[in-house]
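Down below is the structure, laid out as structure tokens.
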Amino acid sequence: MSDSILVRAGRPYGQEPVDIVIDGDRIAAIAEVGTATADRVLDAQGCVVLPGLVDLHTHLREPGREHAETIESGSRAAALGGFTCVHAMANTSPVADTAGVVEQVWRRGIECGLVDVRPVGAVTVGLEGRQMAELGAMASSAAAVRVFSDDGLCVHDPLLMRRALEYVKAFDGVIAQHAQDPRLTEGAQMNESELSGRLGLAGWPAVAEESIIARDVLLAAHTGSRLHVCHVSTAGSVEVIRWAKSRGMPVTAEATPHHLLLTEELVSTFDPVYKVNPPLRRRADVEALRAAVLDGTIDIIATDHAPHPREDKDCEWAAAAMGMLGLETALGIAAQVVTRDEHTRGDGEPSTDWQAIAQLMSVAPARIGRVADQGQPIEPGSIANLAIWDPSVEMTVSGERLASRSGNTPYAGFTLPGAVRHVLFRGRPSVVDGGLA
Amino acid sequence: MIGRHLLSAQDLTSADAVRILDTAGELATVTDRSVKKLPTLRGRTVVTLFFEDSTRTRISFELAAKRLSADVINFAAKGSSLSKGESLKDTALTLEAMGADAVIIRHGASGAPYRLANAGWIQGSVINAGDGTHEHPTQALLDAFTLRNHLRAGSGDLAGARVAIVGDILHSRVARSNVALLRTLGAQVTVVAPPTLLPYGVDTWPCDVGYDIDDVLPHVDAVMMLRVQAERMAGSYFPNELEYSRRYGLDSRRMALMPAEAIVLHPGPMNRGVEISAEVADSPRAVVVEQVTNGVHVRMAVLYLLLGGGPEELMVEGADR
Amino acid sequence: MPERTVLDASDVRRAVRRMSHEILESAKGVDDLVILGIPTRGVYLARRIAAAIQEIEEIDAIDGHGVPCGSLDITLYRDDLRLREVRALEPTSIPPEGIDGRVVVLVDDVLYSGRTIRAALDALADVGRPAAVRLAVLVDRGHRELPIRPDFIGKNLPTSQSETVHVHLTECDDDDSVTIAQVSQ
């Protein structure tokens, strides 16, 4: 189909409304409202237009755990969430530690055709933390892997982490570390705190995250390599990263929507929908992460979308799997959290900083992942990956109605301040009027 | 009264706790005779669902239910979801289909009774017989009952009583329930342990904390010794049993430091020679056997108070006839 | 709703005294007698009856030869437990002599449907085997639902089921009296 498309009266980055004309896979023109024409019109009156969202941290579960999610169901969930690109983590079965597996995932993503699926390559063979995987082969493959991570597990051995950081410089790769010292967190179930002491659940101390980050930023500085820190969850981690950046160290960092909103108090219900790794932390940690997102210490918001089948959550806490869904609710939560006090809405509430969100959820993740076609500015000549958000409708979250194959969302019953109306993926509509095109 | 379930000692108000203890006291009187059976829960079905081995606690609950004429089913659920046995949910649905009025659950995972009570799988009452390292409310109740009999002539609360709890507080559900319940009843509690066996944040608990048992013992009305497990040495919590016993074990020398009327409690089973010496365990100041007897009466009281009244649907207005 | 007094303080005292004489006469003395009151007010009445008997027979209760007197809580034996929220237990205190082979006199304030006494008989059966069980009540208001009849009655008081009968005793109320009130249905 090569009809031209007009996105009518949308507000790029929340600013003044314009008409956007898309031809082929690019933005052809940006015009005054009411002056442009095209073969097909998508009404975006009152909506915010953002560059298509880019998730640097998603679990699509395929190959190996298709009962939880597949590349297709995950792509649907991503598109409905406003994403046009997701990085699929390597902890599949088989692990994505060879060119063969990453190319399989990449091709499947193309077949589904709803988002760019960028496979993440494992750092170590089988995620076992002992031997470096074929990082070069994965980088040279058709999947062109640039992000490498053992996420789910920590690259614990300092020598191995050093070697991996050095090795990926050859192809402008980045190591994304899941910072969790395994010896300090054996059998851990929740944040280590007064609450864990009272509830009798083994604690996951903040120092187990902070000590690994501290080590890794020093290694990255020493080797001159890029380091990315996954799902930062504590105030102490924020301070380490802030210090590292002030020293010019090459580190980027992400925070998840749930770590920007939810606290460990929810664990006292013993409902495993709140069980996640890293765990929900204290209010002070949530506040520190929010401030870090606003001041740039945290570079991106990434979902860590982690689907699990019902039987892995419908049980006692200790037996439950760790992880929460995130793709379809991320933008709604970001809209509540990424705000600027000096812009207030009519009702006195601080209003969403859409420029910052575009940076946090599209531009910066595309840059870190070296995805040239994503996170481009909304201007003529850019590839047309666009997310169109309607702030006037409210969306109440329900586990069954999400497109993900699993239902483990901690936000069941929450009302989000808006919904995705349309999404354009490489110039073609993937989502129209809130539903898959 | 105390609600539909008994999941945690922290949920009990002072009035609730005293009511349970008073009821246990009456039941103790009433069953102190040759016919120990009461017809009160006849026709009700009580299930013991024990995922962890514990013959003593299970028998205590079984006896309590049978003395009230309830039917008892013992479900020895060896598998947990982790060991690929039938899942907690499926087990619960099976019990519900059998018409269990109450499920008494002991499980290795903290919070399992909450899932059972709140997931909507069963209609009956849930009694927590010990969940992971979280709580063991009926143990705390029988300990409070024992303390009340000795220190307060069997009535009222425990205001002003001084109790020390010594041992692996970190991994002890008995300690957590006892600290909460004793405090609710007005007692003054001190926990004593090496720093490695104290939970993170114990300084926020409603009790004092001490590392030195010899400093604490002269100032208590009762000491509760907790079992220390050999597996803890593998986690480097303390070097070996000998050092633990030397620094924290209750032997005759230490018992002599306590005030003359002070008593010794232990939830059992005891590691004679580790946390408690054989002489102390067999001395008249150790009330361990009484705790076991009291356990049955307290559990009868809990069963009566949870199941002895009507479900909303059956209740009628108006005065008694 | 207006309450009317059907027995005043002196009526109550005379009734207790008369019942105590009748109990003594029927038992031909105090040997083997055990008085058990049903909580709450039955217990106070039982104590008054035991004291009255001791006075009539000129028994010196202090050296341990008093009439054995105690309480029998019937809550655990009720047939209507499930019709209400769970009830608190009342004290049970059986005198050390026990009840085996003795004449037990159950004492309650008001006899109505008879179910309380039925429960008391079941409770007694689990305590021991009395030679005989007699029933003393201050007020019999009729409307029996079971074949239970009192042996010693303070006052026969025919009532309608829309009325309630209250016994007041100074041990726990303002005065000694029996009142009837209409309950609006």
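We call the chains A, B and C, going by the order they appear; numbering starts again at 1 in every chain.
As a working rule, a contact is a pair of C-beta atoms (placed from the backbone, for glycine too) under 8 Å apart; a residue touches a chain by one contact, two chains touch by 3 or more.
Predicted model only: the values in this text are computed from it and were never measured.
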item: Centroid comparison with chain C (C-alpha atoms), farthest chain; value: A
item: Central chain of the complex, centres being mean CA coordinates; value: B
item: Distance between chain centroids, defined by C-alpha means - chain A, chain B (Å); value: 46
item: Geometric centre distance via CA averages, chain C-chain A, whole Å; value: 77
item: Length of the line joining the C-alpha centres of chain B and chain C, rounded to whole Å; value: 39
item: Chain B: positions in contact with at least two other chains; value: none
item: Per-residue overlap in chain A, given as positions that touch at least 2 other chains; value: none
item: Multi-partner residues of chain C (each touching 2 or more other chains); value: none
item: Footprint of chain B on chain C - complex, ascending; value: 73, 76-77, 80-93, 112-113, 115, 122, 126-128, 143, 145, 164, 183
item: Chain B contact footprint on chain A (complex, rising order); value: 189, 192-201, 203, 205, 269-271, 311, 314-319
item: Footprint of chain C on chain B - complex, ascending; value: 1, 19, 22-23, 26-27, 29-30, 33, 35, 37-40, 304-311, 314-316, 319-321
item: Residue numbers on chain B that touch chain A, as the complex places them; value: 80-82, 87-89, 107-112, 114-115, 118-119, 131-135, 173, 176, 199-202, 204-205
